[in-house]
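Chain IDs A, B, C, D and E follow the sequence of writing; residue 1 opens each chain.
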Amino acid sequence: MRENILEVKNLKAYYDILKGQVKAVDNVTFNLKNGEILGLAGESGCGKSTLASSFISRKKPLKYISGDVDLVGHKIMEMDESEFKKLRLRTISLIPQYALDAFSPTKKIKTYIADLAREQGVKTDKAFFDKVKERLDLVNLDESVLNRYSIELSGGMKQRVIMVISTILDPEFLIADEITSALDVSSQRFVATMLANLRDLEIIKSAIFITHDLSILYQIADRIMIMYAGNFAEIGPTDEIVDNPRHPYTRSLIDSLPKVGIQYKDKKLAGIDGTPPHLLNIGEGCRFRERCPYAIDKCEETPPREQVAEDHYVSCWRWKELGSDLSGKK
Amino acid sequence: MFKDFWAKHENLYYALSNKKVIFGLTIVVLVFMLAAFGPMLTPYEYGEYAGAGYLPPSSDHFFGTTIDGRDVFTRTVYGLRSTLLVGAIAGTIATLVGCIIGFVAGYYGGTIFDELLMMLTNIFVVIPQLALLIVIAAFLEVRGVVIMAVIVSLTAWPWTARAVRSQTLSLKNQEYVSLSKISALNVGRILREDIASNMFSYVFMVFIQQFNSTMLATVQLEFLGLGPTKGISLGLVMQNAVNWNGIQLGMWWWAIIPGLILAILITALYFVNTGLDAAFNPRLREM
Amino acid sequence: MGKYLRKKIVIYLITFILAVTINFFIPRMMPGDPIQSLLSRFSGMEGGREILEEQLTLLFNLDQPLWQQYANFWKSVFTLDFGISIIQFPTPVLEIIKRAIVYDISVLLPAIILSWIVGNKLGAFSGTDKTVDNYSMPFFYFLASSPYFWMAGIVAFFFGVQIGWFPISGAYGSTASPGFNLSFIMDFLHHWFLPFFTMFLVQLGGWAIGMRNMIMYEQSSNYSKYMETLGSSNKLIRKYGFRNGVLPQVTGLALRLGRIVGGAITVQVVFNYPGLGRMLLDAVQNQDYFLMQGIFLTIVTMVLVANFIVDIVYMFIDPRVRLSFTEEV
Amino acid sequence: MAKNNDVVMSVRNLSKIFKSGILNPEYTVAAKDVSFDIEKGKIISLIGESGSGKTTVGKLILKLINVSEGEIIYKGKNISEITDKAETKKYYRRVQGIFQDPFATFNPLYRVDRVFDMIFDSFDLGFKDKDKAIRDALYDVNLNPDRTLGKFPHQLSGGQLQRLLIARALLMDVDVLIADELISMLDASTRIGVLNLLVESCKKHGMAVIFITHDLNLGYYISDKSLIMYKGRLVERGDTKKIYENATHPYTQMLFEAVPEIGDRWDPEEEFLPEQVVNDVQKFYKENEGKGFVEIEEDHGVLFSDK
Amino acid sequence: QDIPREETLVVSGAMWGPPSTWNVLIPNPTPGTGGLVYETMFSYNPIKDEYQPWLAESGEWVSDNEYVLNLREGINWHDGEEFNAEDVVFTYEIAKEGNVFYSPIWDWLESVKAEDNYTVRFTFSEPHYAEWDAELYERYIIPEHIWSEIPSDELITKTMKNPVGTGSYMAKEAGQDRMVWERNDDWWGNEVFGQPKPRYIVDLVNQSNNIIMGMLMKGELDLSNNFIPGIQRIKDQFGLKTWYNEEPYMLSFNTALMYMNTLKEPMDDKQFRRAMAFMVNQQNIVDRVYGGLVEAANPTGLFGEGWEAYLDEEVVENYGFEYNPTKAKALLDDAGYVDADGDGWRDMPNGDPLELKLMVPSGWTDWMEAIRSIASDAEEIGLNISPDFPDVSLFDNRRFTSDFDMMIGVFQTTLSSTPFDYWNGVANSNIDGEQINSGNWGAYDNPELFEKIDEFNMTRDESVKQELASEIQETLLKDMPSVPLWHNGLWAQQTTQYWTNWPNEDNPYGIPVSWGNFYQLGMIDTLIGIEPAK
């Protein structure tokens, strides 16, 4: 069994628009291990979804610029669409950010699932539906949802149905894009745990879990990758990242998360001044430098990706110097 | 400053950089110029016998002559004028009425008032337009351009009302409207600055559609002999052409050209509208 | 669901009441004295005048108070007693309508349905293929921009006169006699074709444009994206898009029926096709109020019934309406 | 319920029922029997899941919608009775709101300055120099006036826009500020800054804030008092700490269980079903039938049964 | 089953709506009902100005107020009943109660008696000879055994489908857009006149002359009696036949007159009215509007053999008019209609502005063009006359209530055997009621003239008639209550794919016109005379 399901090297994917290029994914390198849930965090607009969709479909205006992506041995950036199609749902699958809106309003869930599976050459016989029912049961849904239309389902139910659909052919690699953002806390917890369960049950091999909410990642991710403004910032085992962040951005991000039990009155959290840069026609250099308290002139140049520890990489000129400074504050 | 302008009127920028809009606008402008300046290019009056009958297009008669020797070009350009005029007036009235009703209904959305207005609108939507117009037109002793426009717009507004209403409904629930409310702005200013001005591009598109459909409706009425009882119009030119066997006699310039101009104009306006839609609607905006 | 239907029915009822009311006022609002001018058509025919006068008074009850007249008028609507036609004196209006309506239905129904089906298919095709779109859209726009009668003229000239494939006048050949036999049916279809085709063409454009926009919208929707992500073929995605995009087209169908019927009038005039439209125009031109009233009411009723059917169909094909009907009609 | 002189606004048995359609109306109970006091300078968080009626309560206070039942007393007067223009104006002079979506709160056609112009047009804010006042307020919220004023909304970020709105509220020096999901559109890195700012200025100006959120952590972080809403009902109310330490209503308990927190992993063994809370709540109500809303300790009330 | 095309005559131009009634007791039954089914006592050939005995074998005035009619023997109704004098008597008796359109005849008819089975004696209280002359070929005789069953109050509301007559055709089928007639092979006239050739006649409803033209071009129609502008252009190309090979192509049918409302100034001034006559360029209308399909009117308005017999060329010479703007101007100048205020338009003698409207119904395109032409003629002599196109109903309303300045009309000016019809139309004395519907729309009042016209009606003395005719013509020309403009045509165009030997200028054996009352005016002769093309 191979160690890495996914290997991404120096991936660049830009949006070509009227006014220029939005460098939404710029030089991102990482890999995804077999059996792992990788959390991908970063603020809105930092390119998380873009990164995900660059694996899935590079439709206009998104444009693949350079870099390699190896998905279980397939160089997917070089594959043509018809070939890649065969990988979909079986090898690579997605639970989209817009999961609640991923239904055709006029089709029953059953038809939808059957149609989608059939397109992948699966016979939609009784055995198939037994499997579907099993899966529904797993996410605590009654099999009667199969005969319903999407509008008859609540948000949490829809989210779960999409989870079932996206994983019905046991994909090796699953991208879960903000699957919890639109949900209530209770559903959030359920859905997130469910994802981990899927992996534990080996229904999926590994997954990228995208969110802007670090605290959820903390619950289920094995490793966490932080992106900032289209750039890779830091990647590492969850506890490492939380306890021993090496990138100033990661650090600030974690510091700015309130926790139950901490009140303003007692302990004021520090935010990060300023706002992320616009990705349109952005130039060289560390993209965090404007907001970074530790920025130096060197930061005008793009920092390299360096290893901190086993499985822990960071992209910052000053990680070594600051190292201890940053960690242990908590 | 200039950049600012485009920044503020981003939509306009997208609109004007859309190929469909440019293409459509060019044709529309040409047709309008034809209507505006065409009469200057012709030495004839539209009712005058300008030469022999049955003449195909030539440098003397750009669009040939009718069976009895009138200049088709002259008739067409004058007819175009009046048809455009009816379209413009009727389009304006229909848009206005539709906007007002839609606006009021939307603004008071959910109230009985709204329900009643919408009911009225729905009623007008199902009534067969032309049949009603025929009946009404038959009543009028004299039909001038304005009256034509009024009766045509009578059945044209409901579409607009519906559309504007839902537009208003969504605008009204925008948070900036709430902000204006809690800033104690008066209703008039809210309507003007927050709702109406944000609806402008939309209303503009609606107007184009109304312009189109009222022109078509007018021409149909004219064709049935229920057009203005005075003057000339495209529908009348075509009615004459058909009644006087223009088609059978192979006088395509008489029967076909006026309709063609109209069809091209409306097609061009469709283009403008589709282009504008793409420009105004980010979802369809082509990069 | 019940609410949806109820709301629709109320609208239709009110529309119908409105139409009847308009009808009531048709002769009453005429400039001058329409009754005298009707009677004068029978000048030189003393008896005719008298009998006609009797008819008119009966129908108009002009001596009674207005509300009474209005009530009586309603009665006559329910008894389908629209009076006697003036131009086709002494045929009852109902009779005339019964005879003419066959022709409307035979042309309109296929034209509406086929143009709707074909237009939607073509529009869907065009909406999913940019190259096709670039060529076909101007064409659809052009069709939709053409006045019915103008298109009728061109079609008549081209297919009827130049190529001469089809007759350009009437409902069936001059020597055919109506009956259920192959030769008559062929002959009928032969005559039916051009009016049908004209209406078909013009409407086709509208439906195609509508469908094209709808399917483009659907194709940019999230479920399409999702399906694509999961590796569905374009064919399936288009099928789904079509299924959803066609729903607004169904409502559109209901809403545009009124206009289509109107378009039929001018087409009937050009092709001399003997339908209600033709009759209505005759009635208008000859101030035949009773006929006018009867036909107008028939057309309105037809449109309402058709709308109602479409609405019911719609309810069955769109789960959203069936389940949660909250806003909009 | 705290009865002290610092109460600026009282919400009493407030209910809102939406009705749609005249022929066959449908009713939505968006809020039912909600009561609480707003004290001067205190921050109250209003917490609940989507659709629980939080925004509705905020809008009722802002008079953006009409009250169905109950009353909102401001300065001894039921605000439903405020109808004429001048009085409404007076009310808005003291009671303001900031809405969920900063991008939607600015009319895209106008420069952002408009939000200031509008209040200066409508109210006499008592500043001599309008421009200076605005600039000062902007500095207060950490914005550079030169880089924000004169811009169009889409040229600024959500955080900046949100700050502009806070500056607007500061300028007005209001008694009560409704902040509806103020930070939901903001990112982790920016939101805390905005929050801090809000709290500081509220303390400084003695402004009461109703902080509407579905994020328990944030609610807890900033507020003195908390209100927990569930399906239109106020299920728990009181001092934030007390609620945290002694969550009684099953819904509140569930919330605390489900909230993700760094440093505290969910128990993977525990089966957590969101559907369960409905049953739990029902059971809870049944067990405590007839009790109603009870003050279980000082400044901590819980809804024990919904009848 | 289809009817064989080779044995069918397809015509159009007579029906303007679906066939709806075959009741000849109302003036406008389905065309062909009168003539094809019901027949008249005589027929009249307007080209030869000849009466031909039809149901009657002969008829004559036996005294000043008695007319005796001898009927043909051996004629049967379609249902086999014998036709006899009783039927003729019944046809008149039924009108006695004053409820059918020819009831007014009883104002001057005293009695109708069957002397025997085949002889009828009409006794008149006041013989109207001229009217009687027309009556002889206008009145359709109906079968007593059928019509006597019908209650008198239903006489005109019954549609009388499947009419039973004596004629050469029977109703076969009525469609929405056609009437189909089938030949009566047992027709009594087969031996007398010959058998009509077409086994079937299909009369199509058709109002669009453009469609008719297309059908003619394709040979789908054998005979069209529609006005088809431009027909002369394609006539030869498509082998169409018309009466004349050259202009005006068509025989004349009626006279279009410009009526002037004598109740209003300045139309009450005969000097002004005469000026109007000189002002109009008829030839222009003929050439431009009609492309030569019609003829300019004779100044007396008279045309056709029957009327021209009374035309006094000398009167025309002396009092007639022709297009002459100079003369028109002079007339106006003389009468004081000069441009007083210098705005380029002539004013009333008292200085009031003079603005007139000339109306025709909206949608009558040829007439609309015609009055536009007239308006520009008027402009040429400085007269402000503007065209006015009210809708038909309004036009009628105004026409009946004398609410107009000038208008164009053709009422009662159609081809007939006696000019009395024409004069009775243009100068009818019936102008006093609230409404005028007699044809004298301008309410021209000249009792002396009225009397002369009546006298013309009531005398049998040819020389007296001639004399009266001259006087009437003179008065009308001098007073000019209405200006004859042009003669509308007996529109007829024929194709020859199926039927040949159409009557024409060189072979005028009949008239190829299928309009309502033209069957006994030469159409039956045409049906007998045409030949299948094979």
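Simple rule for what comes next: a residue touches a chain if its C-beta (ideal position, glycine included) is under 8 Å from a C-beta of that chain, and two chains touch if they have at least 3 such contacts.
Quick caveat, the model's predicted, so the values are computed rather than measured.
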item	value
Given chain A and chain B, the chains that contact each of them	C, D
Relative to chain D, chain with the most remote C-alpha centre	E
Result of counting contacting C-beta pairs for A-C and B-E, higher pair	A-C
Rounded Å distance, chain A centre to chain D centre (Cα mean)	32
Distance from chain E to chain A - Cα centre to Cα centre, in angstrom	93
Whole-Å gap between the CA centroids of chain C and chain E	39
Averaged-CA centre spacing for the pair chain D and chain C, given as whole angstrom	55
Per-residue multi-chain contacts in chain A, two or more chains	none
Residues within chain E bordering two or more other chains	208, 214, 217, 363, 393-394
Multi-chain contact residues (two or more partners), chain C	10, 30-31, 156, 161, 269-270, 285, 287
Interface residues, chain E side, partner chain C - complex	1-5, 8, 10, 16-18, 20-21, 23, 26-28, 97-101, 103-104, 153, 155-159, 173, 175-178, 180, 200, 202, 204-208, 211-212, 214-215, 217-218, 220-221, 363, 392-394, 396-397, 400, 435, 437
Touching residues on chain B, where the partner in the complex is chain E	47-49, 53-54, 67-69, 138, 141-142, 225, 229-230, 240, 242-249
Contact footprint of chain C on chain B as seen in their complex	118-119, 122-123, 125-135, 138-141, 166, 212, 216, 219-220, 223-226, 235, 238, 241-242, 247-248, 252, 255-256, 259, 262-267, 270-271, 274, 277, 283-284
Chain C residues within the chain E interface of the complex	30-34, 36-37, 40, 42-48, 50-51, 84-85, 87-91, 96, 99-100, 102-103, 156, 160-161, 164, 167-179, 181, 183-184, 187, 269-272, 274, 279, 282, 285-287
List of chain A residues in touch with chain D within their complex	43-44, 140, 155-156, 184-190, 192-193, 196, 212-216, 218-219, 242, 249, 252-254, 256-264, 268-273, 275-276, 291
